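Both of the next two complexes hold chain A, though its partner changes from chain B to chain C.
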Partner chain A sequence: MISLDRASLRYGPILGLSPTTFELPDGGGITGLLGPNGAGKSSLLQLLSGLLPPSGGEVRVFGQAPFRNPAVLARLGLVPEGDRLPSGLRADRWLRMMGELSGLSGEALKAAQARALETVGMADRAHLTFARMSKGMRQRIRLAQALLHGPELLILDEPFNGLDPEARLGLMDLLRRLAGEGVRVLVSSHILSEIAQLTDRILLLFRGRLLAEGTVTEIRQLLDRHPVELRLTGEPLDLARWAVEQPELAALRMEEGAVVLSVRSPRDILPRLQQAAAAGRIPLRALDPLDLNLDAVFQYLTKDHA
Partner chain B sequence: MSQAAPSPLATLRATAFGYAPRLLQGRGWAVAALVAVPVGISLGVFTFSRLQGLDSDPAEALRIFHDGLVKMMLPIMALVAAPAGIREDLEQRTLPLLLVRPAAVWAYPLGKGLPWFLWGAAWLVLGALGLQVVGGDPSLLLGRIGALVGAWWGELALMTLVGLLFKRGTLWGALYFFLWEPLLRIFPPFLQRLTFTHYIESLAGSRAAEVKTHELLAQEQVTTHPAVAILVLVAFGALCWALAGWKLHRTPIGLAGSEAEG
Partner chain C sequence: MPIYAPTLPPAPDLNQGQPPALVLMRFDLARLWRQKIGRFFGFAFLMVLIVKLTVIYVKYLLDTNAALRPMQDFAKAVLSQGAEFQAGLLDPASYLLWFLVALVGGGLVARDTLYRVRPLMYAHPVSPRDYLVAKLGFASALPFAVLLPFVLLPWAMSLMVAGLHGPVWPTAPLRLLPAVAVLSLLMGAMAVGASAMAATPRAGVGWVLGLVLGTSALASLVQGLTGFVGAQALNPVLLAQTWPQLFVGMDRPFMGWFPAALGTAFHIGLWTFVAARRTLPSEAVI
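Up next is the complex of A and B:
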């Protein structure tokens, strides 16, 4: 369905995406595009959705170059980042126009519009203008425009940004359902947990480079090879005594009223820490992961990559 | 359920109807007011004069047409309306939503511009009719309507193209309309064929016999045949729409509204 062969993208002197090679097979499923801000996720999505041509290499979607290619564009839907929509228009009329621009007309257009609005839960509010819609409602309309023509490939750029938890879960359910119906969903995010909840396959991007690809388990194993820092607040000596007995410990540093552990496989050590604290074996008052954020993880991977 | 790409005509129709509601918002009424206000004031003064039993100035209609509508209002209309066309999507970063459709990208500028053209043209026709009441020469009515609508077509298309070529398209457009066109007055006559004013005067009647020498556009009488003049205005507008479409089709425009090096 998708293949990149050393495809790169430059914005003048700035390299948005280094030469990247990967393939996604035909058929449904969700692929997560993971990386911190500025990693090149949007650049990659713009290449795939035909907005920009590659500066080098080759991009193929459904076997063809997507840039300004109606044969490819008729089969994909894009939900760009943000909640921007044309000002001063009603959602239902705008959706009708987008449907017509996708080649729909007559009864097929009406049915597609009703189905898309029903899917995103906006059937009863589509008569509103965009100015009167909340951010979540606008996001749903943006998703509806991408679903109108029944795309085989659905591309979403940071779709969870700004959504409340309920809307986020609702969108995740919807994406899973679409994937189950045979749509290939490509979704980008800079939040690992979001992607992990959603997807069976991850592409890791950092500073315009594809660092790794694989299943969530494979990526987690890759991340587990790198030590993560945890600050345990409490009686430092008692905490340190407990910590040195743990096989995952890589380094230990004493601080005023706390101890900082550098551990491998935090998912193995954390349950034991929890049990020890609950049983009163260690005087733990607080636990702070210092570098579990994605940027830190990518820093590790970058070193590894180098 | 993937669909076949819509035809260019379907693209034009969908875009024109889709964005037509924008006409009935602030910017649309501003465009209408640019014609309605000067003509309306003139009509009001004319009516008041008549009620007072005073004679109206027979040159009033000519003055409002040339100095009001042609020199000032038409360019301002183009400067106000063109940014609401495809340029608006570029600036609001909603253009990617259109560009990922399988429709003919080159048709978008014209599709978004057509409602504005028709809206402005309708008000210009009303304005020309209003000036007839004030005292316009009935034999020149069709020429004046042709001149206003033809120039509006060309100027709107030009501004749409300039808006796609330059970041500060409105500024360049203003410089063209309010600096370059008046400056051409002092240039050799053949260069004056590069102004809208030349063709407007050809269609609406040259003012040479009716205004003072320093107000004349050309050092010589405008001799371009009206049929040629309307053809030039229509063709120039069509060329600008085509170039705007070509520019949009060729230019890679990403999510940030910026171009990448393709």
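Up next is the complex of A and C:
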């Protein structure tokens, strides 16, 4: 569905996105585009949504270059960052114009508008002006705008910014539902927890470079320089005695009622740990991986590339 | 039974709608229609039009009514005659119309800049050219639509009351409508160019007025300093008044065909170029 081959983007002398290569397969699902402010997320989304041509390399969406390509633009929906909408304008009128810009008209437009509003849960409030809507409602209308023409690819730039927790969860549910229906959702955010809640598949950008791509577990396994930390809860001394005999052990730290191991290749040590615990050779009560989450992966990657 | 991957419902037919430029123009027109500004200017221009029609009827009476014959000399001294009278039908192409164009046109592009609408539009099958044509078309169609009754109604009334020998020439629309088209394009290009440089609709109004009055003042300043009359070709207000005079063949228009054409082409070209540059997708940052 999406492929970038050494695609880069320059804003004059400033490099917005270094040569980047990745592919996203066809079909539904959510991919999180993660990175701090200025990482190049919006630049990447501008390339994908056909707003700008790449300064170098090649961008292909649905097998074609998206820049000023109606055939591609008709199949993708964009929800840009920001919340500013003409305050005195009614949402349904705005949606009608956006639908017409996509080439819809007459009954097809009415049906598409009703379906999109139903999907985002705004069917009974679309007659309101934007000034009378909450931020969450406006965000839903912006999403409805992107859904009008039945896109196969939905691109959202920082859609959770400024939303309260309830609206955020509601939007996440909605995106999951769309992904379940077969829409490929690409959502950017600089907040780790948002992406972690939404999806496991991420593209990690930092300073205009793509640092990693895949699931959190896959990326974590590639980080050889950073041994995985496991907290074993039980009798610390017995656990430590067993741990020091393991060849994968890189470091060991004693805590009250637990021991924290830093291990290389946890895939090797975990089966042995399981067998030892099952055979009663170690008094293990709990096992917690401490840095197999997105937060840790992000910290390690950005530290390595800083 | 296998579990199949979810498939999307068939996409709606996207080839039924109107051209994007037309959609955008209709949207701007509907927005203007809902605003109160239209009522104020509608009333103002209606009053001017009624005065014009009254003058035409008075001229007809002066020519045909024997009882009013003693007043003819006085009337000729007060009312314009011949080609000057025909060109005078488009008097509204002065500050009132410029003011309307500034108020409406100043927000056309600036509003989309403020609300970041252009990235959304360009993410639809809308090209920057569609966008520019829509804005330029609407900003030019507005003064054209305002001036159209000032050409057609006096002409129709003159034909009805006095036939081919009435105060308004039978060929007047053929001469005045091209002039209206040129000056409307001039006004539209300046409004859209100025609006493209503004970040808010209010600033857009300021930009349009500033450009129109600023270039007029500049033209007068250059003429005053150098004595070069052709400098007035930079003056958009004077250009708008000159085109009807040229088309109806007035003896002493404000300026000749060449400086008028050059000045108008300069303004239309420059401000269309500015608007085109400022509405490129690269300016429409997400």
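Here is the rule we use: the second predicted complex is superposed on the first by the 217 of 306 C-alpha atoms of A that agree within 3 Å, B and C clash if a C-alpha of one lies under 4 Å from a C-alpha of the other, contacts with A are read in each partner's own complex, and residues count from 1 in each chain.
The criterion applied here is as follows: contacts are C-beta pairs under 8 Å (C-beta built on N, C-alpha and C of every residue); 3 or more make two chains touch, one makes a residue touch a chain.
Computed from a prediction, not measured in an experiment: that's the story for all the values here.
Enquirer: Given the alignment on chain A, is it a clash or a fit between chain B and chain C?
Expert: In the superposition, chain B runs into chain C.
Enquirer: Tell me the contact category for A:R10 with respect to chain B and chain C: first, second, both or neither.
Expert: After superposing on A, A:R10 lies in contact with chain B but is clear of chain C.
Enquirer: Tell me the contact category for A:L73 with respect to chain B and chain C: first, second, both or neither.
Expert: A:L73 sits against chain B and chain C alike.
Enquirer: After the superposition on A, what does A:E181 contact: first (chain B), second (chain C), both or neither?
Expert: second
Enquirer: According to the stated criteria, A:G106 is in contact with first (chain B), second (chain C), both, or neither; which is it?
Expert: Touch status of A:G106: second partner only.
Enquirer: State whether A:L85 touches chain B only (first), chain C only (second), both chains, or neither.
Expert: both
Enquirer: Check the residue A:S134 against both partner chains and state whether it touches chain B (first), chain C (second), both, or neither.
Expert: neither
Enquirer: Look at A:G28 in the shared chain and tell me whether it touches chain B only, chain C only, both, or neither; answer first, second, both or neither.
Expert: Only chain C is touched by A:G28; chain B is not.
Enquirer: Both chain B and chain C touch chain A; at which residues?
Expert: 11, 42, 45-46, 49-52, 68, 70, 73-78, 80-82, 84-86, 89, 93, 97-98, 100-105, 112, 145, 149-150, 152, 157
Enquirer: Mind listing the chain A positions that touch chain B in their complex?
Expert: 9-12, 16, 42-43, 45-46, 49-55, 67-68, 70-71, 73-78, 80-82, 84-90, 93-94, 96-98, 100-105, 112, 142, 145, 149-152, 157
Enquirer: Enumerate the contact residues on chain B facing chain A in the complex.
Expert: 1-6, 10-11, 13-15, 17-19, 21-22, 25, 88-89, 92-94, 96-103, 105, 249, 252-256, 258-262
Enquirer: Which of the residues in chain C end up touching chain A in this complex?
Expert: For this pair, the touching residues of chain C are 5-18, 20, 23-24, 27, 30-31, 111, 114-117, 119-127, 281-282, 284-286.
Enquirer: Under the stated contact criterion, what part of chain A meets chain C in this complex?
Expert: It comes out as residues 11, 27-28, 42, 45-46, 49-52, 68, 70, 73-78, 80-82, 84-86, 89, 93, 97-106, 108-109, 111-112, 145, 149-150, 152, 157, 180-183.
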